[in-house]
Structure formats: structure tokens, C-alpha cells
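What follows is a short report on a single structure.
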Amino acid sequence: MSKFNKNDNKYIISYAIIMTLVFGSVLAVVALALKPKQDAEVLLEKQNFILKAALGEKAMSTMSDEEITALYSETVKTVVVKADGVKVETEEASINVFKEYKKPKDVRELPVYKVYDQADSNKIKAYVFPVYGKGLWDFIWGYVAVEADLKTLGGLVLDHKGETPGLGARITEQEVQSRFIGKEIFNANGELDAPHFQKGEGNTYEGAHKVDGLSGATITAKGVNNMLDDYLAMYKSFIKAQK
Amino acid sequence: MENLINIFIKSIFIDNMIFAYFLGMCSYLAVSKKYKTAAGLGMAVIFVLGITVPLNWLAYNFLLKEGALTWISADFATVDLEVLKFIVFIAIVAAFVQLTEMVVEKFSPALYNSLGIFLPLIAVNCSILGGALFLPTRDYEFAEAVTFALGSGIGWFLAVVSLAAIREKMAYADVPKPLRGLGITFIIVGLMAFGFMSFGGFELPFKTTEQQQAEQEKSSAKVENKSAESVVNSVANYSE
Amino acid sequence: MSTETIEKTNDKVVEVKKPSEPLFSKKRRQLLSNPLDEDNPITIQVLGICSALAVTVALKPTFVMAVAVTAVLVLANVVISALRNTIPNRIRIIVQLVVVASLVAIVDQVLKAYSYDIWKELSVFIGLIITNCIVMGRLEAFALGNKPWDAFLDGLGNSFGYAWIILAIAFFRELFGSGKLFGFQVMPDGYIGNGVMMSPAGACLLLGVLIWIVRSRSGYVED
């Protein structure tokens, strides 16, 4: 190795270039090779969340990946609407909820997942709406299932990017999410009144709009409340039109 | 502007690099024995964070992000180079640090003697790379990114200087032998972190635009409700 | 900085070694066993603290983090050690960082494809393996001056030393913080999680105590 002068500028520059090329191409190959698998994982998670929101955790917990995909393609139909309730022609698969979240509310394209009964393919079991918002540290998102009566919340699946473990991150827990089941999204006057986490934890609330809160995670809980408010308000015209 | 002040305060106290994320712990613990060195490294962190985070912001938004290359040609709208973000971020940080070291060494030997020795330590300081890695998820504007970088740097500086001050006093304490040094330092950091956690309950001086909107919507909704109520009441009165 | 001087003396010992040395000589076994206790990267050398505190809330992500760090550290050690005679001294830090960053990016992609849930959980902290001082510290102190096989063993030893400490912290944090182990309930029903254990500040206290225990066993005293 002594025939090279290792401190020569030419050597250093060519070394840097060769190294960048080698590692860059290795990385590119790995990324390309794993991309389909990653996309499949993302899609599977989405299908799983949608079905979980509509059918409940228990129905889904024993299903294999293939069964989930099969059930999804059998029972789920999609439409895409805007906040005024008008359908648009965009394909559901091409919509990224996160990218839509960054647009102003009146131009956002909002996918709706209609989950049909497996036994009776004409009967709608639930409407599932994706929601997106901000928690304490980072984005939070989820899927809200509204039952066929168009007012009862049938299920909620929540996920997050970086909420505090043990505090805000508990929104992914089954028990926390199930607190929303059976609550109602409209009040007696037909105005939107989404169920909200209350302050404090360990209380039981009367009525269809208050949900036991998360102690130590007030901001994350508020984020969930705001997210539900925002998105259900945007889906309101669609929901009203279904009645 | 108000938004920037919020981010600034938040990144110093609430999202403190050390006490909220524990980023840059290695050099934090290693140099906090003496107040003077701690202050030197703290200044270097502010400087390097303040420059590299905006640089990385540019790299991310004009090079790496999906659709970021459209300024070259519209054909690149679907190109997504995010997989390269680790390499690009760390290369920018390391290159900048070495460049600074060379420049400082050549033009200001005095500054090099006080600050220069810390620069190699900085390239591997998690807080610098951590600052860059928060960019893709937080989606800052350029001005916000600069503010965030400076705030985080100042937060780190405060944390390291206050720990060093405590440790200098600790020299007079009789700590059990195996606990000396690292052990007791961790316990101090833990207690300081508890202190900083109380900043989490801070109300920021300015409300974000989203919050303002939400409040407006709520108050207008209340007005609507009230008018609806009064209509109902008047109808009820009439029927009576 | 005391660590580096210790390492330098080690390096010299290894350099003198005859090429015919058996694959698992006493010295080489020490490369594996020393970092577990008396030369532990976390408790003695004070390296890699960030992730030790940040990811140890539960055993499962901690375990994945330990595996990821092991993979990156061992591979980076071997690669740098193989390239050690060609790396120009002036840009060696950048070279090391690029090698580590590429390996981390690969780990990131693999995790995303095969363990999507945990990838989401670890998020930023996978990227921070790059600046995990254990990796850079071992590259600087050991891999640059030693043969690939030794570097391999050194990498393995140090990552195991790192792994058992973070797993121990995670064990206590998950047990007392949420009453679970690997996600399974072990505490009796109705156990209310200890919020202090879940917060990073609690992790600091726990690590302080752990260091106390390890150091009183090994008799290591800092002045």
C-alpha cells in the first residue's frame, strides 16, 4: 500500500468518489429489492386497520395475512369524495391521506371505505373514514368506523409516529380504542358532536359523547379529539347524503 | 413570526435535546466535568446545529424528498431518494465539521485552541444528526428549521452548562466509590430531567394558527347553537 | 478519554501477535468477554447512551435495537478493518460515517420490509445508530488498527455488552412501568403502571443504579 501517497489530494478525492459510488449502488439495489415487500406491508396494514375498525379486534386477531387480503377484496368497496360530499373520479389506491392532510380542507380528496356484510353482499356493515392529525410529538392517524345507522361509532383504530411510550402511545392499545365503541357522532339536534377524550382517567361517563381520558397524555388525547372533529366535519356532507 | 417564537421556546425548554430526547448524551457526559469546556462544546453545538440543520433542510427539500427534484425537470416528480437520507445528512454534517476545522485552524489559531478541539467530537454528536432526522417528519418551513436549530442548540448549551456547574460542586461531595463519576451523573441528569418535564405544562405565548381557527370555529358554533336555542325557545313560548 | 489509552495498549498487544495464532486464543476470547463486564461499553466506557435511554421502554423494541446495533457494529468493524490500509487519514471520519450510514440504511430498509410494526416504533432511533458512539468508538479505537477477524470478535463482544445492559434496563422498565414482559401481563391484574419508569428521566435513575451495581462488582472507580 505504500506506493500510494494516502494524503495526496487526488487519492483522497478518487477514494471518496469510488466509495460513494459503491455504497450508493449497494443501497439502491437493496432499496429496490425490498420496495415491493415494503409496499405490501403498508397495504396490508391499511387493510387490516380498515377491517379492524369495522369488524372489531376479535374478528381479526386470528386471521392470517392472506385471509385479510381476501376478506378485504371481497367486502370492501371504496368511493372518493370531497368535503362538500361530491364524488370524484380519483382512484382510492392513488390517494395518500398524509399528502391530502397538507392540502386546504376544501380541496382534499377523502376516501370512504364501505365495508359490506360478508353474508349479505348488499348490506353495508360500516363506513370507514381515514383520519389524520397531530399528537404531542408528531402525526397521529387512524380509521373511524361509523355503523350503518350513520351515527353510532362502530370502532376506531389509532396509530402514531412518535407519541410518548406508556403515555400518549397508549392510543394504540385495544382497550383505549374500544372506549369509543358505541358512542355517537351527532347530538340530538343532528349537529356534529364527535366523542371526545375527557381529562383524567378511570371515570365512567354517562351519555354518548364523553370518553374516559388518558392520564398523563392530555395533549395526545386532545390531538385525537381535534382529529375526529376535523375529519368528521369534512365527511359530514357525505354522511348526510347517505341517509 | 409568532410561530417562530413558539418553536424557539419549545425547542429550548419543552423539547430539550437532552432532557426530552436524550440526544447527544455521550459528549454531554464526557465534557461536563468542567464548566469551561462544557461552555466551549455548548457553543460549538449551537454553531454546528445552526448551520447544518438548514443545510440538511435544503438537501432534504431539494434533493431527497419525493418530488423534490422537480426544480430540475418535471419528469422527476416521482423520484424518491429518501433511502439516501442517512448518508446525505451525515455526510453534510461531517464535511461541514471538517471544513470548519480546517478554516478555523488556518485563520484563527486562538479560536481553534478554544473551540477547534471540540469539532471532531461534534460530528458524532447525536443531537446534530438527530436535529436533521427530525426534519422529514416535522415538515418545517426554512425559517422554522433555522429557529428550531438555534433553539435546540441553545437548549443543549443550557443543559450542558448547568450539569457542569452541578458536577463542579459535586467534587466536594462524598459519593460512594462505585457511584462516583458516571453513576451519580446519571442520577443528577435524571433529576434534572424531572425538572425540565415541568416545562411540558407550559402554555406557549402565542397560539398556533390551527388553535386560533379551532377556537373561532367553536365560538361561532356556540353562537349558532344559541340562536338555534332562542328560536326553539321562542317557538316554545309561542305554542304556550 | 481514558478509554482510548486503554485501547491503544490493547492494539499493540494484538499487532505483535503471530499470524498462526489459533482462532479462539485466550486474547481473542477476551475480546469477546471483556466488554460484557469489566470493559462494558455502556457502564465503563460511557458510549451509546442515547439509545440506551430512549428505546428501553419495552423489551421487544429493545431486543430489535440490540440486534440492529449488533449487525451494524460487527459489519462496520469488519468492513473498516478490511479497508484500514487504504483509508486516507484525513477523511477517515467521513469514510467511517459513510460505511456506518450505509449499513444503517440497509438495516432500516430490511426492518421496514420484514418487521414493519417495530420499524415504526423505533423510527428516528434507527437512524441514530449512525452516531451511536459505540460504533464510532470501536471503529476509531479498534477496527482501524486490527485484522478483520479480531475486529469481528471485538464487534460481537461490544454489542453483547451493550445488549445485556439495555435489555436489563428494558426488563425493569417494562415490568414496573407497565406490568408486562415482552407484552405479556406478568403483574397481577389491576397493577397500575409506574409512570416514572416509563419516562426517560426514570431510565436515567435506573441506569445510574445499574452502573453502581456493575462497578461495585468490578471494583472500577472513576476519580
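Read from first to last, the chains carry the letters A, B and C; within each, the first residue is number 1.
Everything below uses one rule, namely that contacts are C-beta pairs under 8 Å (C-beta built on N, C-alpha and C of every residue); 3 or more make two chains touch, one makes a residue touch a chain.
Here the structure is a predicted model, which is why all the values come from computation and not from measurement.
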Highest C-beta pair count, chain pair: B-C
Centre-most chain [mean C-alpha coordinates]: B
Cα-centroid distance, chain A relative to chain C, in whole angstrom: 34
Approximate Å spacing (C-alpha centroids) for the pair chain A, chain B: 27
Where chain B and chain C are represented by their mean Cα positions, the distance between them in whole Å: 25
Residues within chain C bordering two or more other chains: 91, 94, 98, 102, 105, 109, 123-124, 199
Sequence positions of chain A contacting 2 or more other chains: 23, 27, 31, 161-162
Set of chain B residues in contact with two or more other chains: 83-84, 87, 137
Chain C residues within the chain B interface of the complex: 1, 43, 46-50, 53-54, 91, 93-94, 97-98, 100-102, 104-105, 108-109, 123-124, 127-128, 130-133, 136, 199-205, 207-209, 211-213, 215-216, 219-223
Chain C-touching residues of chain B, taken from the complex the two chains share: 19-26, 29-30, 83-87, 90-91, 94-95, 98, 120, 123-126, 128-130, 133-134, 137, 176-187, 189-191, 193-194, 197
Residue ranges of chain B in contact with chain A within the complex: 83-84, 87, 137-139, 210, 214, 225, 228
Chain A residues touching chain C - in the complex, by the definition given at the top: 1, 4, 6-7, 11-12, 15-16, 19-20, 23, 26-27, 30-31, 34, 37-38, 41-42, 45, 159, 161-162, 164-167, 216
Chain C - residues contacting chain A, complex: 57-58, 85-91, 94-95, 98-99, 102, 105-106, 109-110, 112-114, 116, 120, 123-124, 177-178, 193, 195, 198-199
